[in-house]
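Look for chain A in each of the two complexes below; its partner is chain B in the first and chain C in the second.
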Partner chain A sequence: MPNDRELDATNNTEAVLTDHYPGMAAIDETILNLETDAISPDGEVLKRPFGPLFWVAIGWVSLIILLAILANLLPLQNPNYGNYNILNAGPSLQHWLGTDDLGRDLFSRIVFGSRVSLVVGFGATFISIVAGGTLGLLSGYKGGALDSTMNAASFIILAFPAIIAVIALVAVWAPPNLWKITLILGVGTIPLMYRVIRATTLAFANRDFVVAAKTMGATTPRILFREILPNVVPIGVTFGLISVAGLIVLEGSLAFLGLSVPLPTPSWGNMIAEGSNNGLLSINPLIMMWPALSMFLLLLSINLIGDRLRQRLDVREGLL
Partner chain B sequence: MTIAADQPSEVDDVVLRVDQLVVEFVNGKKRVQAVSGVSFEVRAGETLGLVGESGCGKSTTGRALIQVQPATSGSIEYRGVALNKLSAKELRRVRTKVQMIFQDPISSLNPRRRVKDIVAEPLVIWNQGSKEEQAERVRTMMEKVGIDPDVAGDRRPREFSGGQCQRISIARALMADPELLICDEPVSALDVSVQAQILNLLADLKAQFGLTMVFIAHDLAVVKNVSDRIAVMYLGKLVEISPADDLYDYAAHPYTEALLTAIPEPDPEAGGHHVPLQGELPSPLNPPSGCRFRTRCPYAQDVCAEVEPPLQEVGPGHQVACHFPRPKASAAH
Partner chain C sequence: MLKYLGKRFFQLVVVAFVISVLVFLLVRILPGSPAQVILGSSYTKEAAAQLNAQLGLNHSLIIQYWDWILNIFHGNFGQSYINNETVAHELATGAPIDLELIILSQIVAFAVSIPLALTTSRRPNRWFDNVSTTGTFGMLALPPFVIAPIMVAIFAVNLKWFPATGEVPFTQAPLTNLHDFILPSLAITAGSIAVYYRLLRSDLIATLQEDFITMARSKGLSNRTIMLRHAFRPSTFSLMAAAGINIGGLLAGTFIVEYLFAIPGLGYTLVVAVNQRDYLVVQGITLVVALAYVVLQFIIDFLFTVVDPRVIRE
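Presenting the complex of A and B:
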């Protein structure tokens, strides 16, 4: 009589690779001698490879982060120094990506400008994950009045059109700088993060393993952090990366409107804004193209990494 | 009851006493009584089988016993301590003595934790012994439930079959050193041949650890083999409670009779009568008046719609809630 594992094998070859157990070695209680060789060779779960594209994306994101961190140590030109002898120059050995209409080195401006995007993207996401994640865990697990109140509050906040609310805030809390923008966008993303984490928590809060932990005397913090959090983290990471990408775009939009970090400090957003002003686009399209391309490739990479990580972290719960 | 007064030793023996347990679910203005006034006792060392069809409230009763589902009224006493009246702090300590095995072996184990950590959890929570002692106890327990600790310890639940997951759940429950084990349909998600393994394992461990068990199931054939006494539930009420052997010889309640005759008979020559149940389980939102079984009962009369039958003695330790209990002769094999 075929056991359930073997039946699985007919339509799920991965099942055989990962855990081919002699499920019914004997009708007796003793299955003490599980055959070790029936398990995957290295004793680990065989995982789907990430693929080369994932590593290219990781490489690109790492490169941009490294450049942003080390920008001051690298032999880069001053991003705000204008050499009026070479306005709107094309790429050369001196100026890898060319110069803009004030003769500033575009490569240097791209590198220094990336700091704004990265700090806002990752910083604001960090704020929203810490605050929204904690609230979401508590609210999803505890339920009751706390949950309904926070849930309603999140809906109300989410009902505001994000960009308009942020523009209003930035306008009131002038002048904008990097930390204000990060804080505003971070706090503004809390309701969204809260909803995602709460929904994921709800899916686990009433599982039998949580009930079992309760009956064993586990305290609420222990249940939250030991039983539920590990199951929520994959979603948090994936959604966090999507949020980084979204916030970078949002910062770009604000900068384009002149509501982010003020000039002359470079950011990808204000470079795009500069490059598209006063008919400059037709004279020197590179000014706008480089930051747009950088942003496009960064977002593409981040989304790709998020997607692959989600696939990897997605635990299938047994193959019963 | 009079037993308590006559034989005080019996009282000491009672591990769990459930008295007039009511569990209601409130959904807006609707109230559903999943359990409406169930009383029973579980004595030390025995296995009480709790049977009934889906939706009869047997699992809700089980969850109320471990205080996962709050009781609306009534009391649940473990060794004389009313569990549903304890503070959260007191409950935390006491309820480790009552552990549960769940129906879904996959959902009962955290998919992100290693098996040895799952099994060690009760020890870690209560900070019992050094790391080495804990590891040693986990090894011993895993061997007892038939899981090789060397092979399985570092793996995660998804790498195991349903039967193996159920063994791991059992190991974890026993690590808490319980006196009372509530098994909520522990084998109904498993293959029939694996069911036998798990049932045998439970029987062995029960003897080894001196456990008392409440065994919830919808399958009388499964319950028959493990139970000392059997309680039959219908639509939130207890309809019959009896020593297991008596019940299979003589089902006094028409519902029990129907359940028993519905067990498939492997011998085609055996014949025997089958009492088919008519209709569906009525909605617990609006239960029938009087006897709740009357809408499907072949023997129902006018009185059944008016008066709710109380549990009454029809034999030693055998109680039935029916106005017209089946006569003994009719059910004789």
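Presenting the complex of A and C:
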């Protein structure tokens, strides 16, 4: 649909030009570019095949999630039990990935450590989608004073660099644990999710099918949840995946700085930090390499899944 | 132009004010009072009251905030509880290190991504384009805390090309300093390269389909002239917006590499201060970095008006 595309392009430029707040033009540009191709009911949406890599990535993420859920049932060694007879051992049949400097089984620590990344990544995203999504739907559809207040507030909060805010909050709410970190990152992501969902809602609020529903006397909740929400979901899912990857990185950074879930609980971030300290890099680089590789493959898979979904839904690649 | 920038500046002041209030309140809702932290085991009610009077903590919140802001305008951010350095001194020694890391990493990022995008966008979906696009996609999955230790393991520990930790101030020995900064700044470059390349490439591909490019081609201009003089500038809009957001986000990256390489920049100082509950240092660094981030967005907005004057015509 070249005409629609052209229309989108001009809308999008206008959106950037009329943006009133410092630095946020980029985010709005991204959001307003999403537009309507994803929902066009006439079946003209170009369906690209997902390709084999997509399914490999899905398989990999599913495997990690499954291992993390079943970790307690699997015949894994205690991730915190140190066998002092086999320090810094290489991979073997007993220890698939070897042992660390305290003789702990690295495979078991990787499996248990994945829980932290997954809970924070998906949990915090869930919090932000539910809260930010609800606020975004309401404020985008209702408009008015509430909308402009929340919109301005979200800009100011987003003007704060994330890592600084999170470090400060973790310092305030010491000592950190898994649930606090998830809650802090989840609440911190609400303004971003709010902006995404609000902008998408705005794009749909005055479309014909919504107006039709309104004139037929549909109630506001019905319009929000039955008419608008189904069209917002694809964008929510795509940005949700971006946010999962981003939050896993943020948690990993915190863990690397020793500000996330404390030792001895394993997480990929604190395993990388442990393995990079105390000259361990020259003695046993595997301690750092395994969690680094796991993190790389997980992020790569999530990014790939998000990228293919974005192509399928024709959500233009953006900056978030 | 002036009206537009004035409006932006007003927003900048409002955001800066809100940030300063948030930072101020953050320290006030901390569990435990500064007096407890400073006095430690010798804490008594009388001593605490005396100290609070000395620090001005017995006044109302509004007066405390006013004093704090007034002092900051005089360049006085307070003092560290732990080592008695002034916070201003910590900022003055730390900030140049972060700046140097960010500038070096951005030079590399632009130097790699711009020529690469200019090359691949001319022939999209050929093998070179596919290799570059796949490569940068991989870079997106390499945050600093993953790539930095790997680089240290390979280039510092095994090959011994670079020192694993520490740095020499630029003013003492510029060349040694630059050499020490190669690994830390490369470690935070990967993400920037990937973001810039992907944005510029897709924008260039879109620009190359515009009529004025066809016009330039039919005039018989060389590809080089078309790419550099005609296509590049209109394609840099998202690139600049991305750079603004990205450079703010890079602070997180500098924190990681400073921590890993034990370079005493702002991030390193901040994390140490958080662990020692050195609140005034936390407060000062948080404020300055947040303000720097906001000012950076303002500068980027100004640059928009230079690249595309239509921005002003609202």
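Heads up, the rule we're going with is that the second predicted complex is superposed on the first by the 264 of 320 C-alpha atoms of A that agree within 3 Å, B and C clash if a C-alpha of one lies under 4 Å from a C-alpha of the other, contacts with A are read in each partner's own complex, and residues count from 1 in each chain.
As a convention for this text, a residue touches a chain if its C-beta (ideal position, glycine included) is under 8 Å from a C-beta of that chain, and two chains touch if they have at least 3 such contacts.
No experiment lies behind these values; they were computed from the predicted model shown.
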First (chain B), second (chain C), both or neither touched by A:Gly269: second
Which superposed partner A:Arg207 touches (first chain B, second chain C, both, neither): first
First, second, both or neither for A:Gly217, with chain B first and chain C second: first
Touching partner for A:Leu259 - first (chain B), second (chain C), both, neither: second
Per-residue contact with chain A, leading partner among chain C and chain B: C
Partner chain(s) touched by A:Leu87 [first = chain B, second = chain C, both, neither]: neither
Chain B and chain C contact sites that coincide on chain A, given as residue numbers: 18, 21, 23, 27, 29, 317, 319
Chain A to chain C touching residues, read off their complex: 16-18, 20-23, 25-27, 29, 155-156, 159-164, 167-168, 170-172, 174, 245, 249-250, 252-253, 256-259, 269, 272-273, 275-276, 281-282, 285, 288-289, 292, 295-297, 299-300, 303-304, 307, 317, 319
Chain C residues touching chain A - in the complex, by the definition given at the top: 7-8, 11-12, 14-15, 18-19, 22-23, 26, 29-31, 137-138, 140-146, 148-150, 152-153, 157-158, 164, 195, 198-199, 202, 237-238, 241-242, 244-245, 248-249, 251-252, 255-256, 259-260, 270-271, 274-275, 277, 282, 285-286, 289-290, 293-294, 296-298, 300-301, 304, 310-311, 313-314
Residue ranges of chain B in contact with chain A within the complex: 63, 66-68, 92-93, 95-96, 98-100, 102-113, 121-122, 125-126, 143, 146-148, 151-152, 154, 156-165, 169, 172-173, 176, 189, 191, 193-194, 196-197, 200-201, 204
Chain B partner contacts - residues on chain A that touch it in the complex: 1, 3-5, 18-19, 21, 23-24, 27-34, 36, 39, 43, 45, 207-209, 211-219, 222, 226-227, 230-231, 315-320
